[in-house]
Amino acid sequence: MKILQAEKVTKLFGELAAVSNLDFEVESGEIFGIAGPNGAGKTTLFNLISGVYPYTGDIIFEGKSIHGLRPFQICHRGIARTFQIPVLFSSISVYDNIRMGAHFGAPKEKNEKELIKEIIDLVGLRGQEETIAANVDLFDKRLTMLAAALATKPRLLLVDEPTGGLSPKEVRASVELFHKINQELGVTIIIIEHLMKVMVEVCDRLMILNNGEKFCIGSPQKVIQTREVIDIYLGG
Amino acid sequence: MVVSKILRKNAFMLGALLVLALLPIALRGNAHVLNILSACLIWGVVASAWDLSIGYASVWSFGHIAFFVIGGYTGAMTVMYLGIPPEAAIPLGGVAAAVIGILIALPCLRLHGIYIAMVTFGVHLVLSTFILRWRDYTFGATGLSGFERIQLGQYVFSSSVPFFSYYVIFGVSVLLLFIIYRVINSTIGLAFVGLRDSEPFAKSLGINEYKYKLIVFGISAFIAGLMGALYTSFYGTVSPFMLEVSTFLMVLIMLMLGGLGRFPGAVIGAFVITVLSEALRPLVLWRFVILGAIVITVMIAMPQGLMALPQTIKSFARRVTQRKQIKKDSIKTSSI
Amino acid sequence: MAAEQAVNLVIVGITLGAVYAVMALGLSFIYGITKIFNYAHGAFFTWGAYFAWMLSSGYLHLPYPAVVVITVVIMFFFGFGYEKAFMYPLRRFAGWDITAIIVTLGSALLFDNLALALFGTRAKRMPYLVEGNFVVGGFTITRHEVVTLIIGLAIMVLLILFLGKVRQGMAMKGVAQDQTGARIVGIPINKIFSYTFAIAAALAGVSAILLAPKILVYPTVGWVVFIKAFVVMVFGGVGSIKGTAIAAFILAMVEAFVTFYLGGIWGTPIFILVLIIMLTIRPKGLFGTW
Amino acid sequence: MKRQKLVKLIIGFGLVAVLAISIPLVSGCTSPAATPTPEEEPIKVGIATTITGALADDGRMHVRALEMARDRINAEGGLLGRPVELLTADLGNYTPTELAAVRDTLKSAGVDMVNYNWAVYPAVTDYLMEIDSLVMHHGWVSVDWQEWYDNKDSFPYWMTLNQTEEGYGVPYFQALTNPEMVTWDFPNKKAAIIVCDLDYSVVQAEWWREEAERAGWEIVLYEIHPVGNVEFGAQMAKIRQENPAIIFMSSVISTEVIAAYADFLENPTDSLFVITWVINKPEFWSAFGEQADGVLGTVPGFFMVDSAYTGSNPEYQTYYAKGRAIWDECLERYGERPSLQTICADDSFWVWAEAVERVGSVDDYDAIMEAMFDYPYVGATGTYGFDRDTHAGSYQAGNVPLGFYQIQGGEVITLAVGEGENAGKNIEKITDFQVPWWLE
């Protein structure tokens, strides 16, 4: 079953096509990777899916078009996301950050406290709840952001460069966490990542974007051995 | 157990409330001082309502003095022309301001920062024209006065009956400040903070920013308008002079001096500025020069505003002790 | 008859537009580059006008070119000193941009009232830059208006060249786009901030010299101009010189025509209405970039 | 954690304590500074006026009059043998807070009389009535007086030297078109009227306009502008198009008049430039010097101090002598000539002081007022006898003349003086009209 289908999605910034005529499909339950050089349009694509910018073409989520919906509506449909730079609510506690997601993203949830507790345990933030978000370290910031996104009870999670600036140990923990989220919660994940090692470990399928266009798609092992992909990455 | 916890947690506010409640008795009804205290409370609430918008939701509305004046005119005019009892006219002033606030919020939904400031300030600028043009009812620049006041037995709510009126204002102010406090600590307040701290993330977590913009305009305009009607009733007059830049400037200074988004900082700012500006009155022309200099000095010394005073003092103390410690250490090492 | 009226109004609009543009550019400059909304900009105008007045009809009776040069130099250092004394010390702390707003509020209070205390409420009058009129094809244009327009346009051109071609100007643009980034590539932010305020203050001084003969010099004169400059800045889009210039001329023209046909009292409301309509169509102003 | 709360608590109480201490200090600051003479309790006169704000100049002129009067009366042994003491309260920008402060300070000081100049805010009247002292109001503004008149049952102790501005519009137009006064052939019968949006100015302009239309004049521009407006470009564009014979500017705010006149001078039309109240204010002609020559104006009351009164009317000779004395004293003491404000304030003080002398009491307000009713007091601006109904000084006697002025050689010169109902028609000519320099 397809959870997300993009049809001829195009986004122009003035003359520049950040995403052009893009078609792809994401299967329900998989971890789908997106890679490509800087400026390939990866983050723009996330912004389109989550409703930040208007675009042409159509994006279909669970059989219904989400074109033209505002970000909060898309969240309520069941898509959550994280950001490349940890844009937390820095003046409030980690717990309140997560509560923000639970309260506004999953309004039908009766047992808010229970939900938050589960998620805190899942991502491993226990003990940090009362700390003000501005004061936790980068890894915990990313975890908080992820936890807040999960608190909206999404069926599709968009994760933007989750490992930037993390230590190898933290990267490993992240990889494990994504598997756990995917398997235990049954959440489909689309992940943008520039570390190919992570991609190979995490993804079921990988799509390479270049200049806003789909370059190739397939299993990660196969994709990274493609001659042209290597060229793109080495600036060929 | 629970009671004592609440007491301990809010010791500062409760202490301040107690002092404010007892002060008039200590002053033995000194009219001048009581009226100054009443003005402090009124501006404190107005500044706090404004803080809800600027400090908490980060919606840079510059229309709050306009809402205040709209409330004032509504209060006075409904009493004068519709014969509504003055007690009812005061909340009506709030309702009118809230309706206009929400109407103004509509073109502001898609705007940010300084662009919202301009649209709302535009309302401030246009309001005086509207009042002047609607001369038959508003009496233009002359303003309104001589309308019916709230009466409770032999007591009239007026600045000439300061003791009674102070407690009316005190009651209304405490009630409204409590509402503001509750809003800040509710999920509405949480949404405001979310949109302030990181709007894109807040939106992606399911917060409808349009809805909360409308809410913040509605609540803060309601409180400002209600206080405007109360102010008008208290002083018995309202005129477009209230829309002069000086009022706007002073309330904004009260708010920012107290500290943005640090309830009840705005109230403290209002007390400090109102009392200072009265205390400096004998300096005549130099009064506002000195007041301006004080504001600048305080902000350079304490950039977080007065509400951050405890932290500022503590961090200063920490630095001093650290320096002492370093000195001691260096002495120790050198002696060895 | 109708054509003559229209021409007269266009002249009024263009002259006012040039002055608003210069004033709004200063405000926009500060906001765009330093992200500080300078409430004291009206006070800059007021003090520029007082300096010019003291140099001309007030005390020294210097010839006009000297008045212009000295006022601009004084205002340049005034802005420079203002930034060094009041804004620089704030940048030790995070969240200084908010603190800066209240310091500008406080200094507006201070400078306005300092002028009041020193010079009194009495409005001072300044002579026109040049006396006399041109008669062109039946229309009378005062020389002052012509000079105002020329100076206004020249300043806009100079600013565009400065930001586009001169190294310091380009550095300013860099700071405007990304302060942390600019610091990383080695742009001296503190210096840029000081010069930004200095240039903006000098611009306020120029607009004061151009406008003061028409609207006089008194302690609160700055606010009248400040509010209009604020509208112009927002209308044109913060940070766009082109936008500011066009906005200034559009709004001044609207104001002149509205005052003429509907009466002076409708000037501001229509001004604001045009702005709100504009912002609903383009939420970042005409040419908003920064 | 606990210490943090404690620190907060201490600071909170500290702040409140500081406030509590400073507030009584505040009220202490505003109490009278001068010390009373040991033998006699002083008589306290409160001055309610604008020391700061847009009308600070008027307030300064007002206070000077009373300072001079106080020193004069104290030098002569005081009033009823008691020294007179002044207490100035600032109406500022007339914000409610300021009004309340004025009332509270004057009331708590227990003043025996409140000397009030004018505002166009009825609220000021409300507040001054609450002081419960006799109010001597030397305004020319009907709204202030009307507010008292509507409430006279609750507070009778209000005396107004001159309660209406309505009369000045009609005689002013009459005088301007009176060939005895203005010797200039009007090129057309067109007038432009620019009005400041304050009640006083609007009322005056309305009367002026009605009289002009009755005389068959065409009003080519009738423009009400916001208070404090300084941009008159578009209005002047219209005026330049129409070229009316008279430009009438009805405004009490000198900045507005100066700005409009400055714009007018940039490219003058073939018009007389005619203003009202501002003509008596030094800031107007000091802004223009010689360039102000030719501007016409009017103010209520006899105010002839730049040009000597050389006519034969003995009453006018008395007024002139009194006014001249104040003028000279003001010039000598403050280095600045007085405005009408000063002369009127002086009258309002001495009317009261004389009545107090005759009654022999300073707090028997009924008796003091009784002594003022109908009694012809000859001051510097006219003869005052207060009406029992309106409590206005000028109407009963009908003896307060109206002066018509022109600026000539940098001074305010009296062209003519008129009196009574047709003050603009039956005038006594004093000085020759000068055709303004831009019309030559």
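When the chains are written out, they are named A, B, C and D in that same order, and each has its own residue count from 1.
By definition in this document, a residue touches a chain if its C-beta (ideal position, glycine included) is under 8 Å from a C-beta of that chain, and two chains touch if they have at least 3 such contacts.
All figures in this text were calculated on a predicted structure; none of them were measured in a lab.
Novice: Would you mind checking the shortest number of contact hops between subunit A and subunit C?
Specialist: So the least number of steps between the two chains is 2.
Novice: Closest chain to the protein's overall Cα mean, using per-chain Cα means, please.
Specialist: B
Novice: Of the other chains, whose C-alpha centre is the longest way from the centre of subunit D?
Specialist: Chain A.
Novice: Rounded to the nearest whole Å, what is the centre-to-centre distance of subunit A and subunit D, using the mean of the C-alpha atoms as each centre?
Specialist: Once rounded, the distance between the two centres reads 74 Å.
Novice: Roughly how many whole angstrom separate the Cα centroids of subunit B and subunit C?
Specialist: Those two chain centres are 31 Å apart.
Novice: Subunit C to subunit D: how many Å between their CA centres?
Specialist: Between these chains, centre-to-centre, one finds 37 Å.
Novice: Using mean CA coordinates as chain centres, what's the gap between subunit A and subunit B in Å?
Specialist: Between these chains, centre-to-centre, one finds 42 Å.
Novice: Would you please write down the residue numbers of subunit B that are in contact with two or more other chains?
Specialist: 129, 132, 285, 287, in rising order.
Novice: Tell me, which residues of subunit A touch at least two other chains?
Specialist: none
Novice: On subunit D, where are the residues touching two or more other chains?
Specialist: Answer for subunit D, listing residues that touch two or more other chains: 52, 56, 197, 226.
Novice: Could you list each pair of chains that touch, in label order?
Specialist: A-B, B-C, B-D, C-D
Novice: Can you list the residues on subunit D that touch subunit B in the complex?
Specialist: 4-5, 7-9, 11-13, 15-17, 19-20, 22-27, 29-30, 51-52, 56, 90, 93-97, 99-101, 103-105, 107-108, 120-123, 126, 130, 143, 147, 150-151, 197-199, 202, 226-227
Novice: What residues on subunit B touch subunit C, complex-wise?
Specialist: My answer: residues 107, 110-112, 114-115, 117-119, 121-123, 125-126, 129-130, 132-133, 245, 249, 252-253, 256-257, 260, 285-289, 291-296, 299-300, 303-305.
Novice: Quick check on the complex: what are the subunit B residues that touch subunit A?
Specialist: It is residues 187, 190-191, 193-194, 196-198, 200-209, 261 of subunit B that touch subunit A.
Novice: Mind listing the subunit C positions that touch subunit D in their complex?
Specialist: Of all residues in subunit C, those touching subunit D are 1, 4-5, 8-9, 12, 15-16, 116, 120-125, 128, 133, 140, 142, 144, 213-216, 218, 221, 224, 255-257, 259-260, 263-265, 268.
Novice: Please output the residues of subunit C touching subunit B within their complex, sorted ascending.
Specialist: Residues in contact with subunit B: 31, 37, 39, 86, 89-90, 92-93, 95-96, 98-99, 101-103, 105-114, 116-117, 220, 223, 227, 230-231, 234, 238, 265-266, 268-269, 272, 275-276, 279-280, 283-285.
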